[in-house]
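For reference, chains read A, B, C and D in written order, and residue numbers begin at 1 within each chain.
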Amino acid sequence: MAGSTFGTQFKITTWGESHGKGIGVVIDGCPAGLSLCEDDIQKFLNRRKPGQSRFSTPRKEDDTVQILSGIFEGKTTGTPISLVVFNENQRSRDYGDIATYYRPGHADYTFDMKYGFRDYRGGGRSSGRETIGRVAAGAVAAKILEELGISFLTYSRAIGPVSIEKTAEELLSNDTTSLKQQILSNPLYMPETEAADKAQDFLEECMAQHNSAGGIIECIITGVPAGLGEPVFEKLDANLAKAIFSIGAVKGFEIGDGFAVAASTGLQNNDAFCTQDGTVATATNHAGGILGGISNGAPIIFRAAIKPTPSIASTQQTVNKSGEEIEVSIRGRHDPIIVPRAVVVVESMAALVLADALLTNMGSKIESLLKLY
Amino acid sequence: MAGSTFGTQFKITTWGESHGKGIGVVIDGCPAGLSLCEDDIQKFLNRRKPGQSRFSTPRKEDDTVQILSGIFEGKTTGTPISLVVFNENQRSRDYGDIATYYRPGHADYTFDMKYGFRDYRGGGRSSGRETIGRVAAGAVAAKILEELGISFLTYSRAIGPVSIEKTAEELLSNDTTSLKQQILSNPLYMPETEAADKAQDFLEECMAQHNSAGGIIECIITGVPAGLGEPVFEKLDANLAKAIFSIGAVKGFEIGDGFAVAASTGLQNNDAFCTQDGTVATATNHAGGILGGISNGAPIIFRAAIKPTPSIASTQQTVNKSGEEIEVSIRGRHDPIIVPRAVVVVESMAALVLADALLTNMGSKIESLLKLY
Amino acid sequence: MAGSTFGTQFKITTWGESHGKGIGVVIDGCPAGLSLCEDDIQKFLNRRKPGQSRFSTPRKEDDTVQILSGIFEGKTTGTPISLVVFNENQRSRDYGDIATYYRPGHADYTFDMKYGFRDYRGGGRSSGRETIGRVAAGAVAAKILEELGISFLTYSRAIGPVSIEKTAEELLSNDTTSLKQQILSNPLYMPETEAADKAQDFLEECMAQHNSAGGIIECIITGVPAGLGEPVFEKLDANLAKAIFSIGAVKGFEIGDGFAVAASTGLQNNDAFCTQDGTVATATNHAGGILGGISNGAPIIFRAAIKPTPSIASTQQTVNKSGEEIEVSIRGRHDPIIVPRAVVVVESMAALVLADALLTNMGSKIESLLKLY
Amino acid sequence: MAGSTFGTQFKITTWGESHGKGIGVVIDGCPAGLSLCEDDIQKFLNRRKPGQSRFSTPRKEDDTVQILSGIFEGKTTGTPISLVVFNENQRSRDYGDIATYYRPGHADYTFDMKYGFRDYRGGGRSSGRETIGRVAAGAVAAKILEELGISFLTYSRAIGPVSIEKTAEELLSNDTTSLKQQILSNPLYMPETEAADKAQDFLEECMAQHNSAGGIIECIITGVPAGLGEPVFEKLDANLAKAIFSIGAVKGFEIGDGFAVAASTGLQNNDAFCTQDGTVATATNHAGGILGGISNGAPIIFRAAIKPTPSIASTQQTVNKSGEEIEVSIRGRHDPIIVPRAVVVVESMAALVLADALLTNMGSKIESLLKLY
């Protein structure tokens, strides 16, 4: 199946392998007339670039994006935007070992089962580098959203067992500009200093033990107009769930109160409607901004659980291609945790879902057609 | 947007409103030659039918399915299978009240924002009755899976704060035929007697307080061949996430260890590969049967968090269409909990995802084409 | 493959077989707020109903449409519109003969090759009755187009070797209301009396010889705003070509000057731009209203070639399922020509393409998003 | 709308403008294990390269393809294949003139209407260079078809008023290897020497008059198994029609006897079934290899009408962006005819349709699933 395309009207197609010639994305369906330059995209890519702290792989990759099409005189033309990051780090290397066995927690075995063989160099298509295309496209989507007053606050809620204490609502009550600054300046993208410090201690310990850690990313989207999303299969939350779950290491997704609703009651969990500044609003936001699959105007709040990096130097049991049980230890320059670098990936996927929802929703009423034509 | 179609090769399109003439589904892309009769489908619909215990709405609806096309001499022909359940319960009634205000926790407000107005009779298209089409189609998908040795064990893991104690693995180690029997014979679809009893007590209390409850549904799928799902956006778990999140009341989805991976480590969370009866297997199943978006042959295990029924008789604050803040109490015959009836909906959506994955994966290798043509 | 769905944003899914319980269509993505009743649809269906002249099958079928969902208080709600025509004419009959051999010019053999067997009753899914769903949906699409000032003039240009003489442009220069009246009142839907008379004589002869005839349908669409269609694969003419070629008996499609361009030159074929009433227009319309896949505001003009009805009473050579060569003569009440009844099918498919193009084009400019949100 | 993607399971996405950095395509859904190298693709691109005869633009473009992803150790991996041709000829030039007015027969005006402005350099996205991506992808599709014994014979049937005399069937009765050789060695890709000579004389005359010519391309596909294509909207001929009509200059498409069926009769037009070497075949091939939208095993034969190149040096009337009527003469190195260079584009689009049909048809019978899983 052709599974590298995402979106209906704002549609992206990604390509590329970890150690191939490059990683790229084609964005199709971007409205014409949007100001866009390489810098807009590079800014996003820099947030996922490795080597920015001692908690990410020391591999040196500049990940410089080039725009190959779709822009004319600084504006999108409405035709496909082709973006590419050429791989610098593709020097010939001996991968022979990895080729012969299945790394636990990786997609080596499942690729072999599906395709009969695999490009084993650095994980090939299942490498985290695949997300470069998503982030580059997400930057473009985010630029559209910005024009409409929609913005994101995405950060690490938990690193291993260490969580921040403030709720999403409490964070939102702060000045978000300085909050965003704090998040970006922090190697773990955590919006609380104390938690960030504890988390760093925890990660040091993990690294000393040749182990790795997971965590939770939270994303808050403000300024979303009410009415986006479709009532049945294309619910806005269903599309967010798919988008986020399509990121390699995600094992859980929840919106609003999420799994906590299971032990709640209707009386606690229903958000009362009220009026605010003359428009309808909700007094609380247990729903996370979506009711019946459609945005209600409140901030959209969701969380994703990220598993610990599977590549660890500790000894593990596995099987080689001849079916023999063996012991392995994954050498190489791996992230002890991918949560901080995945923050911008989560934000990018969410931006793609919203840009698509904005476009597909334009014909929901006959009066909108009469307004445009 | 046209959001009532789901799937790529095994594609369903649902239609119908709670109090319209009926609810239906068109299944397109079902392979020819599958034995299928109305009973195969009715069996599934009966599991979501209301009025089966005092924990579901006492509304009397038979929900009898009719096959209108796509079957000839007891077999699917490969052409669209149109299924319909005509509504019995559509007597003219006074809905005037509901039309004027927005029920908390419901899609009334968001429908109005999106479409300008709404069919307010019984929730219209956002009613739980919309799932009839999904379940009818899911029964057909499940029949295909059965032919290939794939089967389901789906049940309530938690009702409100009451959870079963056995893990999915422990449940699987039992005789699944009698376990399935136990689940089906239990009004709450819980596979542990003690938990089921406690849960019933909890629900009684909820009902006495005019309140409602949520819970968690777990689904285990066994017999899935390794190699299903696509490596990037069409990951098998991403499609399951979307499928499950497209069910009205779902607020969380997780696979394998799910949110618990956040506090785990690589060493704990990686499933070691081993050999079992000559084939590759995993010693543990933290991943929930999917690696890199592709099935690895182990049981697929996922959970969905279901919110408490929003329709409650307790007094709530809301706003009417004129923007005035008012107090309401939702009368009518509502389920105090929808978890038990949603079990078969979850199973059906998962079956649809797997049937589609089986079909879209057929061309993953050139040798498969040479085998078939 | 799931091939019974058409369209991207205005999406229809048809189902049903000639002699099954009924024929239907689900329309998904119709904007909310459009006035719609069964009469709007019946009007279109009546144009394809059999038994209206001695040049169509004398089978008596009322083909009465029922709306099962998607309409509330006389308006579309934005949710799926399910339409059904129950088959009256499905009395049990002996089809045994047809089941055993392959009718020349029909899809009997190809269905068997694809699916392993077929519903042989009256052609099953490959019957002309399948177009009922298309026409019902086309009526809804046409209603949207009407709101935007887009209208159709569709008629038989040729019946067998008899063609009308006036060009599309000449026809357009008349009063189109009376022209439409003339077309509808004519059993062959031809807009020239003399040609229609000759064509009737020709058909009488065909019928006397147990033979059948083909013809050419022309469709003119006026009022289409400039800018619809996409520049590469989703060209407006490409989508019209697919839509029209998906109708059973179509063997050719051309737009504007069509095949005549092959022997033309650039100087003759280019349409000079000029200004008319202050806006840009073309002095001629060789292009048929589309340039580079995008509408230019001139009338869209296309033609479809329809093959002679394959069911004829004359003796023909064929093969039975045991591979023996045999002689057959197709008995039954068949149309000696399907062109007149196909006129509304062509118009319906074109309406579906345009409705979809209007919806998918709404986000072509960033300023359109700023206008709507 | 996102209109640069084509196909369902074998899916391509093209990008790039005439005078941008390059032109490319991403192929997604190509089965794993196919041998593929740059030479396989270059061979196809060379057939559309300019400057090969005095009847094509003297622009010098090497159009050298690079594979950026999806191949490992000489075989496709099942992941996206990214192909790019960097533009050599993008030197800065003065396009100021073209920017200010609308060239007759081009998409300048319609792009402005749709997007608000356009990349006017060399036609931008609506340039013939856009077909590079189609041809590169078509080469890959053709390689899959070759593995299954499906092959193409594509050539110019008519150049302006000069047609070849032999029918498709007559051509097929020759040795096709030497016929293919003759076609490729001929600057006009015509399989008859006498016609080719006359056509060259005709083109010389056109060029002398600063005029241009059109023509007809015919494509014959042999070895297609019976059973491909879907019975309703995804008919094999409907998808071919769309594919071919999505090529810039196509104004007509017909299959088998095409428009000639209009004046034929059922008795003449029906292809009698017979047995040949123990399998079912047709005695004639008026249908062009497709019945009811599904291949019947006979050669698929279709034709496309190509309009004369709109860029001509003769003086033409047009309008500038200020709405003034002006006279223009299009200077530059333009093809006096695009038919010969479009031959491989037609073949490529047809190959894409067939590769997709082979993949989407794999699940048409339940027994095929049982065979593969």
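The working rule: a residue touches a chain if its C-beta (ideal position, glycine included) is under 8 Å from a C-beta of that chain, and two chains touch if they have at least 3 such contacts.
Quick caveat, the model's predicted, so the values are computed rather than measured.
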Listing by label each chain that touches subunit B and subunit C gives A, D
Based on the averaged CA atom positions, which chain is farthest from subunit B?
-> D
Geometric centre distance via CA averages, subunit D-subunit A, whole Å = 39
The distance between the C-alpha centres of subunit A and subunit C, rounded to whole Å, is 45
Could you please state the distance in Å, as a whole number, between where the Cα atoms of subunit C are centred and where those of subunit D are centred?
-> 26
Residues of subunit C that touch at least two other chains are 1, 3-5, 8-10, 14, 29, 32-33, 78-79, 114-116, 125, 231, 360, 363-365, 367
Parts of subunit A lying in touch with subunit D, wherever the complex brings them together | 1-5, 7-11, 13-17, 20-22, 24, 26, 28-29, 32-33, 66, 68-70, 72, 75, 77-82, 84, 114-119, 121, 124-125
In the complex, go through subunit A and note every residue touching subunit B.
-> 1, 3-6, 8, 14, 102, 104-107, 109-111, 113-116, 125-126, 130, 158, 160-161, 206, 209, 211-216, 225-235, 237-246, 248, 251-275, 278, 280, 283, 287-288, 290-297, 305-312, 314, 316-319, 323-325, 360-361, 363-365, 367
The residues of subunit C that touch subunit A in their complex are 8-10, 29, 31-34, 76, 78-79, 144, 147-148, 225, 231, 358-360, 362-373
